[in-house]
Structure formats: C-alpha cells, structure tokens
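Some notes on the structure that comes next.
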Amino acid sequence: MAMLADRRRMNAPPGGTSPPVFASLPEAKLTKPIRTRNPDEHRKIFLRTGVVPSASGSAYYEISPSNTPRQTLVPSSSSLKITCTVHGPRPLPRNAAFSSNLLLTTHVKFAPFATRQRRGYVRDSSERDLGVHLETALRGVVIGDRWPKSGCEVVITVLEGEEDGWWADAEEGGKAGSWGMMNVLAGCITVASAAIADAGVDCVDLVSGGVAALTAERNGEGVLDPCPSEHDIKAACVVGYLQSRDEVTEMWMKGDAGSGSEALIDNAVKAAVLTRTVLAEAVKEATEMKIGKTSEAAVETTNTGKGKTKDIQMTG
Amino acid sequence: MADTAILLPGEEVLSESLPKSKKGTLTLGPGLRHIPPSTILSTTSGTLHVDHKKAALWIEHAHGRYLPAVGDLVIAQIHHSSAEAYACSLTPNTPFALLGQLAFEGANKKTRPQLKAGDLVYARIVKASKWEDTEIECYNSSTGKAEGMGPLSGGMAFDVSPAFARRLMMGTDKNGKQKGEVVVLEEVGEKVRFEVAVGRNGKVWVDSGSVKETVVIGRLLKEADESGLDVEAQRKAIKKALKEVGK
Amino acid sequence: MPLDSSTYALAHLRVDGRRWKELRRIHGQMSTQAAADGSSYFEMGNTKIICTVLGPRQPTKSGGRDQSREAIIEVEIGVAGFSGMDRKKRSRNDKRTQEMQYTISSAFASTVFTSQYPHSTITIVLHVLSQDGALLAACINAATLALIDAGVPMQDYIAACTTGSTASYASNDEDADPLLDLNGMEELELPFLTMGTSGGEDKVNVLVMETRIQMPRLEAMVSVGLDGCKQVRNILDGIVREHGKKLLSSR
Amino acid sequence: MPREADPSNNEREFVLSALRENVRLDGRAFDQFRDVDLAFGEEYGAADVRIGKTRVMVKISAEVVTPYADRKFDGIFTISTELSPIASPAFEVGRQDQTEILLSRLLEKTIRRSGALDTESLCIIAGQKCFHIRADVHVLDYDGNIADASCLALVAALMHFRRPDVEVHGEDVTVFGLREREPIKLQMQHQPFCITTSYFDGGEVMLHDASLLEEQCREGEVIISINRFGEVCQISKYGGPPIDGLSILTCTNMALEKAKMLDKVVKAKLEEDEKKRDKGGLMAELRADNEREQG
Amino acid sequence: MAPYTNIPLSPAELSYLHTSLAQDPPIRPDGRSPTQFRPLVAETDILPSANGSARICFADGTEAVVGVKAEVERTGRKGGLVRGKEDGEVEGEERGEDGWLDVSIEIPGTRDDDALPVFLAAMLTEALLADGELKGRLVIGRVWHWRLFVDILLLSQPLSYPLPLLSLTTHLALLSTRLPALISQKDEDPLFNDDWEASTHLFPRQPTTNEPETKPPITLLVMTVGTNILFDPSSDEIAVADAIVAISATEDSKDGGLKMVALRTVDPPSRLTSAGVPTQANTTAGGGLSAEETLKLREKDAGATVWRPPRGGVSRTVLGRMIKKVVEKGGVGEEVLEGLRGVKS
C-alpha cells in the first residue's frame, strides 16, 4: 500500500536485502525441529511486571526457545519476547468526544528486528489486526464505567516474534499460514493483562492467553502451545480466558479443524489456564513487593530494588 | 527632534540620549525594555525616537506585524458574529478582536447596525492585553459620539505597512509641515474630494466616489510606502498621477 | 493496440462501429440505494458509476467552527481496483483523483443553491465500478442524477460528455473529423476533451483537456461537444421524468 | 488550518466595479502581464521567475537510475512542487493542499503529458540505466498567478539545464563531470506556456495575470497551456460559473499571443545568459580541452 | 473499531432492548425469529471488466459490490533450502500460497489502514484460505499461477456491522468468478482462450445441473443476549449484545455438512454505552447518595434494573452452542447457503 510508505525515515532500498544464509557443513543436514515436550506441556514462561518505571503499568514476557540440538548457527525455532506498557487511565484530550467509559486503545508493533524478515517502522495490517484482537480481549476485562472521560493506552512491542513455520521449510520460506501470530497474540494478552493489573486499572478478572493447535503429525490429536516450526499445523485457536468466570473474552480460530473444533477450544482454554498460574504468580509477587516497598520505603528510602524474577516450570 | 540612532535588539540605550525629565520618570514606548536599576535595552531593531517634553522614548521600525495598543484607530474586518459581539480580524492569521454588538453611536438592541462577514469598520482599540481578547468599539464610550468611527461602506481598503500608517496619522507640526513626511493625502486632497480612514493596523480606506481617482490615491499611497519616496518624489508622482485622471 | 484510422477514413465507422456523432448507450437509474439521501447508477457504454449523495447535513469533521455562509460540496471518488483492464489500486490521495474531485465539487458549487444551506456539507460519493472512457463526464452525469434524487435545489443541471478528433496532434490533417463520446481505447489514441454544460444554451461549466492538439481542431471539438452535451441532457431529462412517473404511480 | 485571509466586502465590490469601468487596481490593461523578470542561476537549470510580486524558483537536477520496468526505453522525468510558508502564511509544510495538487497536476499535464521533454533521449541503456530528470518547483512569493509563473520558470529551467555527457561501451557507462566534457542540453520538443484567464461577470470581463486580490474576487478561471505554434496542450476549466463556448476559443487565441510573448522573453534571456557564460574562462578552457581530444 | 462509537440510544432504550431480546423466545424489534435473516436483493455478474462480481443490497439500505479479478503472475522461487529439493524436482501436487489471494475492503469514511477494514479483510481472507483448496486452484503450473484480487466496496455508510453483507457478497462474487481456459501447456508461458464461453468457473460446477460442486465459505455474525443466540443482528440489536462472534463456515467435502473454518470474537459496541443511573442514586429524582453508596448500588444492581454495559466475555457453553447452530445439519449456515443458491446473474 503506497499510502503506508514511511516518509519520516531514510529507508533501505525497496528491493531489500536477502536474509543471510549461513554456511553450514555440507554433511550437516538441516532437520526440522521436533517437539520434545508432551502435547499438553507449555514452554517455560518468564513474566515480570514493573519493568518500565515511567509507565503506569508495564510487563515483560518471554518464552524461551525449546532446546533442540542443532548443527547450524541459525536457531531452528524461535522464541517470543514481548514488552508491554500501559499509560493511563488518564484524561482524554480536550477535543475528544465525551465518553462515559474508559477508552482502551491498543497498539501492537513488532520491532524491526523481531522477525527474520525485517519489519518496517509503520504498522502493517497484521499488526493492526493483532491490535484489534487484543483490544477485544481486554475491553471485556476492564471495568470501563469506573473511568469516565478517560483513556488508557496499551502499547506492546514485540521484541522477538514467533515464526510462522520452520524457516528452512520449502513453502514460502516457512511463512505459510501465519500461525506464529497466534502465539504472539496469546503472549500479548497475558502480558497486557499483567501490565494492566500493574497499572491498577479495575478488572473483573485476570485474562490469560492460550493457544492450541491441531497438527497433521498427531493425527488429529491436539497440542498445547504449539511452536510453529515444530509442527505442521492444520488449525489453531487462541483464547483470552477468564478462569474465575469461565468466560472467553477473545477467541480467534482458523484453519480446517473439521469436527475437532470443540476439542481445540478446550485445549486452548487448558493452555490459558496454565499461563494463568504464571500470570497470577507474577502479579501477586509484584503486589507484595509494592506493599512491602511502601512500608520499607518509609524506613529506608535508598532501597529501590524492583521485583525478583520468577521462573516457573509447568506441566499440564 | 527625532534621533536617528539605529539600535539593534539587545543594544543598550546610552544614558546621554535619555531625555531629562523633571520628575525623574521616563515613559518607555514600544521596542524598549527596562532592566533595573538603570539599563534600557532595545528589543527590536529600528531608530530611537525621543520626546523630551513628555520624557518618553520609543523605537520606530518599518516592518513587523501590527500589535494592538489601546487608543489606536484601526480598520477591522468582520469575520463572524456571535450573540454579544462581532469577531473582527485586524491582521490576517491573528486572534480576533471583539466588537460589541452595541458599540456604535446611538445603538440599542433595535437600531444596532447589521454587519455581515467581510464588512469593514473603523474602530478604536479599548482593550489590548496579553491575557484577554482585544476589544474595539466604534464610538467613544464616554461621550457616546461616533467621532468618525463606524461601518465603512463602499470605497476601497489598501494595505500599507503599519509604520506607514503611523506616519500618515502623525498630523502636522506648528508650521503645517507633515511630521510623518507623507503628503499624498493632503496634496491630492487639494485637487480631488475623497473620504479617507487610516487604520494603524496597516490599512487605508479611501472613497472618492470615482473608481479611477480611488485607484490613483491607493497607488500613490502604496508607492510612497513601498519605494520609500521622500516628500519631493511624492509631489512629483502625485502631479503625474493626477494628470492621468485629468485633474 | 493502435487504432486503425485507415478503416475510419474508408467507412467512417469507429472501432465499435459507431459513426462520428453517435453517443454510446447511456443508461441511468435513480434512487438505487435506500440508505443515502440521493443515489444513482449511471452507465455510459462500459463506464459504470454508482453515486450517492449525503446531505445537506452538518459537517462531519469536528473542530473549528464553520462560519461558511454556504454549503460546502465534498466529493469523494473511489476507483475500484477491478474497474480497469488490469487490476490497479488507486490510492485516495492520487492527484488525478483529487483533481477530478475538485472539478466536480467546483462545478456543482456554482450550480447548486449552496447559499440556502449555510454551515452544512453536501457529500457526493462516486464509486467507479468499471471504466471505459469518459470517466469524468460519467461522474458528473451520475452526480447530477443523484443530486436531483436528493432534492437539492439547483439552478440548472450539468450534463457532460467527451469529444475527440480523429487527427493526432502531430498531423495537420485538414479533413480530420471530430468524434463524440470516446471509448477507453479511443481515449488512449486520440486527443479528446471533457465538457460539461448547463442550460439549453451553449454555456460551458466544465472543460478539461489533457492532450495536445492543433488549435484549429479545437473549435470543431467544442461545437460537437456542445451538441453532445445537449443530447446527454435530453437523455438525463428522460431518466428523471421516468423516475418521477414511477414515483407518482407508486403513490 | 491557516487560510489566505478573505478580502473584505468593500475590496471585493470595488475590484468588481473597477473592472466594469475597465480599470485594474494596478492600472494595467486587462490582457497585460505584470513585469515578467527571468533570471538564471550560476548553475545550469536554475531559473527564477518574477511576475509582479509573485516569485517562483525552479531547479533541475539529473541522476542516473534504473528505468521503470514497464518503460524500458524512457528516462524518468518528475516534477515536484512545493508551496511552503515562505510564499504565504496560508501554506503549510508537508500538507498537500488543493492549490498545490492543482498546480502539480497542471505542470504535469502541460509539460509531461504533452511530451515537451523527450524522455527517450534520457535513456542510456535500455532497461538498465537512464537519467532521472527532477524538477523542483518552489514558490517563493505568492501574489496570484502561480500557475503561469511556475510553468514559465519550469520551461526556462529545462531549456537552461545541461545534463552530464555519457559514454556507453557495451554495459559500461561513463558519466563525465561538467569539467570533463561539455554538458548536453535536454531535448525539448516544444515549449508550452500556461496562460490563466480569470473571468468575472460570466465571462464579460477576462483578465490575464490576475493578482492575488483579483484571484480571490474572480468567478472562475480558464487555464490554457499552449506553445508558440498554436498547439494547445491542456485546457482546464474546473467548474465555476458557466461561460460561452465561444469565449473559450477567444481565450485560446489570446493565450497564443501571450505564449509567443513569454517564449520571446525566455529566448532573449537564454541568449543573454549564454553570452555571459561564453566569456567565462572556464568555458574557454573546456573548449580547448575538447578540441584537443577530438584532434 | 466499531464504526459507530456513539450509539444514539439512551440507557433506558438499551435496557428495554436488552430485556426484550433476553426473553424466551426473544422479541426482536423487527419481529424476526432468532435465526431469521433480513431480506436482501442480490445480483451477480454485474461487471464485464471483472472475472466475477456481485452486488447485495440489504433492506436497511446498506449495499456492497465485490469485484474479483485474476491476473497471471510468475511464481517466485520458493525459499526452500532443505530436503534436498532442487529446481526441477517436484514433490507431489503443487500447493498454492497465501499471498496469491489479495482481499481489500473499502468502507466510506474510513482510511484503508483503519482497524475496521483491516480486521474485516483479515477475517474474510483467513476463511477463504482455511482449507487450502482455493489457493490450490490458483496454480497454473510450476512457473505460473493466478493471483486473485478480491476488491470489496461498501457503497453505503456502515449503518450496521458490515461483515455479513460483505461476506455474502464475496461469496456470490467468487461463485460467479470464471478464469479463462488455458490453451498452452502447463509450464509454458500461459496462453488463454479468448472465448469467454470456454472459461471455467473458479469453483467448478457439475456439468449437468450447473450447480457448483464446492462453494466458498460464508461468514455469519452471531450475537448473544443472555442465553439467547441471535443471527444477523441489526445495529440496534448489536448495541445491547453481550458478545458478538463472527463464524465462517464452509461445506465439508467429506460428509456434505458444514464445518467451521474460522472464528473471531468481535468487540461489542455495547461495552462503550453509558450506564443508567438507579433511581435511588438519581439526584434530580430525589435520591441523594454519596459517591461510595452509588458505586455500591451500581455494583449490586449489575444491570438488573437499569442498563449497564456488559462486562467479561462469553461463557464457553454459549460459545459452543453458537458454533453448533451455524454448522449443524439443517442449521443456519445451510439455510443461508440454500437461500443464496437462488441468486441468478
């Protein structure tokens, strides 16, 4: 789209550059990574809130890559690193129309280096689409009527994005299906939920994101938290799940699930429940820290330490 | 009387050029800034003018935008009207000045003049402050008399520089000599009958009843302003121009 | 595909079999969309336009008090990606489109009694579904019909068509014929102009020419154009009357 | 959004009544241009045009680029227009407003579409290398009639410009600096000029070279681009109140006269400029170089 | 996101609408049954310059035109590095690529990069691509393929959520899409038959009945109020929706029934409506409560007596029922497809 051309920066030539191809030993056969986790096992999640002191709320989310042995320099599977900042609730600009509810806006952007193919500085349509999904997921959670005439911005930067498939795969350079987007969305939901809690916006519950997929290998059996490079995904589903209410605020499902769609949704919810334990733990810890910090601060002002890291090993 | 020293912004006014005043107070006009205890700096570039009688000094400069000052006579253009006042523009792209709906001679709710957007009025500035809207009126509010102010109908408004407008309004000294050294209006006035209103905001309204004469007067004014003609050159131009219209 | 002008010289028939002063089939419909204040569908040969008119209504753009003493006519033209031979997406900021929007807006600004609707906006939205020459002319005609449908008071209405000349600009062909209502292929080859007139007399509202041509050709083209616009006007008249009859009989 | 201040009702009415008495505010005849002044810069391809207070500057530049895939045998010629706040407070930086779009379309139609510049001559190697001639039009002062002024400046600048000479050996292209070889004139096929006719009272009064105030008061305008051979390159009458079909033809005839006048101005100034350059030591030196090489 | 952020309904009206829609059976403002669609006018093959086209006009005046255009494009070298796959080696059937389908939506009053058109385009694209069948049909040979451009124009202002309108129009346009017949060999530079009569349908038809063998998917908008599930909601109804889901379904080639190929939740605009004020808390009606008490009252009321914008999401059981209603045998999806069969060009 010519309209989206970025005119504020000196951009690289439009032809672009070809991605680096690393020389590998001729005898080294590139092998597609294989899932080593159980089908119902989630990858390890690292989540911490309060990473950006100047924002009202913030959080950082990371899924480490699965440790498959490899012979080349290029990692065979990707990982996910997302930061989220929340600004607000704050008054709407003067020229904005009256709103009796909190106006939540989301802004999802991949860092230019987040994926194998460089991303531009201007948001493209997939990023906008993710923004809409995230907005839907969060709007149902925040209690908007508590904050009339206010706005709240959720800004997400994806530092490293999940890939859509195995990079060396024959098909479209591993870009078919754009399944990686679904993992990114689940991560966005979880991290935004943590950041919103950190910002102290009223919510009905914590919303956590979960992904499940139907893969070709397992003959219709579903997997939780699929890493696109490890699977040949047929259908996938993301949910934004409120555990205490057993409700779904956001659901995005695509692909040919046939009759297995119900099981797919159930699996996605299961994944969301798993993520929730980390989310709840991280938010709880941050809250404890804050309470602790305020009492400590009264005594000792020099202590400015932030929250500790938290690593939780999870099995289904 | 006029001191021709040229000052640049930030330059100090030498103490010898300060007027001696009996009371020991000085009046600072536009373009000057006082830094206690006794330093006076200029803020614009121009020539320093000193009035020893009134113990006042100011800086004259030819360019720049007109800044409203209380008591100035201006030609304002109605932009739009609201319940209480007309919003008028004095210069383009600046905040509007307010002209009360009833700020005309003998105006009350029934007899007030109905002005449309784009109409011109000759008015006096009654309030000019940094924090509030500038206010103008078309009559002297203490006497209730128009004093020549009011809506201007017909005629033509010419744009001149604010400095030239000021020169036009300086009036004559004791010898009948033009202080502003502009003789266009007087000299032409000897041959041609016309009405004129000079606004400090750089507008001169002329109406002679005849298109050709009005155009000539406007052209002479603009020429005198833009080419900086001295009195002699002005006289020459006037003679030539009047010949063209057959006077 | 160069236009074979030799055939024309022989038989005086154009690529699509028309004679020099023949219009293509013109078809128009009014009130095609219930949601709009006025709407129309207009075909000039294979050029197909859908037009909707919204308003006169309050300006949608907030901010800045609007003190205009007359209605503003806004025109939006959307050229569908599938309208041409090749699929091409024309962005809305395209300068050619913007120029057309301005032309239509200022043409109607002097025909519509805009002073009756101070502080308001009349929006004309044009969708080009298919293009085969005479794009601007068809847009103007479609807008005319939609404005009539919307009941916007006008002094008169504008009818438009294109005229061309069989001589290319270089040849100083003395017996070059003027042509009426060029199709897309002819437009690529031959010099042409778009003309919009109002009233029964020869009053020109719009005249846009983008191709190079010898001055003597112009006169013939203009006079054929004036005549063509009259023909178009009669057709538009018919469409409006037909529509009016339908409305009355349905009551 | 800043806008040009509207003239007051008094000014509007006065201008109109004056025109009805055959008088223009600056005393010109209806078809008379203000003083047209054309100056060339030190470098090739810089033209500065003043018509009254209106002032337009055009600078031409050339670079070697790859041609468009669908036009392998053509060079690239682009015109970019800029109306900056330098010209008038009504113009904003970076925002395209109506005036600018219309101006750039007008130049596009007049110069590019009419084929004034022979783009095929800009091709170096078909499909691989060609010259990209870029014309930057800057309006420096705005007192009406920028269309005519911009077009005049653009044509003059194109005629004044010299592109560097090139030599092709198979796939290798050598571009010579201005000092190495005499640069080459652009191949112009014709020189069109834009003439704007402003009309009042439904075409009763027709003016050439309207000032800003006259433009603000006019009913409409007809912009005609025409070269001295009487080839009309473009006519734009964007809406506005209707006028007789016949008056448009009259406009065209009058425009032809004006185009011839402007053509003469450009030719005379170019000649003057050439003479000035001829005397220069640098040129003489260069010529000696060239002769030696040929010999 | 929603095209109408300010819903012109008062809390009282919203409350009334919500209660009537939550009845069993629901009472819809226009008297329709929960699964009933509004009447529509449709025509196909309206544009000669497009490979396929359709126009649908809903009763509320919203109107859409879809044009499908196919262009031949050279297939780029695939980026595969491994599996010893070199040029010339073909591994089974050629598969199409996602990038060959280009859906763009134009909605008046929005920019092309606004959230609404982007979201709708993504939704329609993923439904079309879900089973990989359509993109497979775009393959001409190893070197050439069709690139399909689906341009969707909403001609009217977006009065109600335009998704069903656009989806149904796209469905009809794709059904009517025809590709010129190939006369050259598979991998040669393609040459096509000029005869339009000889062209083949993108969705092949049975030679005898001229009925399409397969059909493009349709996307339906389903909303819930309380436990009720309503189809084809009007803009007023959407204003009080608890949840809105867009479900794409297509015919299952295996058993002839329907299967779901995509699902997305849509942010209901009801979340942006203003809440009503309970009488006790209404200062003008004599009730004078402190801010704290008002808040407590509001929380306790929870939308029972006065309108309150919905909170939370949709429960899983309701979601399951919605899907079922669309895809089940004799369900709404089949009904809609049956209805569209009647549309002739």
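Of note:
We just call them A, B, C, D and E in the order they show up, numbering each chain from 1.
Throughout what follows, a contact is a pair of C-beta atoms (placed from the backbone, for glycine too) under 8 Å apart; a residue touches a chain by one contact, two chains touch by 3 or more.
In UniProt terms the chains read A = Exoribonuclease phosphorolytic domain-containing protein; B = Ribosomal RNA-processing protein 40; E = Ribosomal RNA-processing protein 42.
The structure presented is a predicted model; accordingly, all values stated were derived computationally and were not measured.
Any chain bridging chain A and chain C, meaning touching each of them, is among E; the list is complete. The chain with its CA mean position farthest from that of chain D is A. Ranked by C-beta contact pairs, the top pair of chains is A-E. Closest to the protein's overall CA centre, chain by chain, comes C. If you average the CA atoms of chain B and of chain D, the two centres end up 40 Å from each other. For this pair, chain B with chain E, the centres built from the Cα atoms lie 68 Å apart.
One inter-chain figure worth recording: chain C and chain E are separated by 35 Å, centre to centre, where each centre is the mean of the chain's CA atoms.
Between the CA-based centres of chain B and chain C the separation comes to 52 Å, rounded to the whole angstrom. Of all residues in chain E, those touching 2 or more other chains are 112, listed in ascending order. The multi-chain contact residues of chain D, meaning those touching 2 or more other chains, do not exist; every residue touches at most one other chain. Under the contact definition stated at the top, the residues of chain C that touch 2 or more other chains are 89, 91-93.
By the touch rule above, chain A contacts chain E in their complex via residues 1, 3-4, 21, 29-30, 97, 99-101, 103, 123, 125-126, 128-129, 131-133, 135-136, 139-141, 143-145, 168-178, 204-205, 235, 237, 240, 242, 245-259, 261-262, 265, 269.
Within the complex formed with chain E, the residues of chain C that make contact are 32-36, 46, 48, 50, 52, 54, 60, 76, 78, 80-87, 89, 91-92, 125, 127, 129-132.
Residues of chain B touching chain D in their complex: 77, 89, 92-93, 116, 118-120, 152-157, 205, 211-212, 214-215, 218-219. On the side of chain D, the complex with chain C involves touching residues 1, 96, 98, 101-102, 104-105, 108-109, 113-115, 219-220, 222, 226, 230-246, 248-249, 252-253, 256.
On the chain E side of its complex with chain A, the touching residues are 1, 5-6, 78-83, 85, 91, 95, 97-99, 111-113, 115, 118-119, 121-122, 126-127, 130-132, 245, 252, 254, 259-267, 271-275, 298, 308-316, 319-320, 323.
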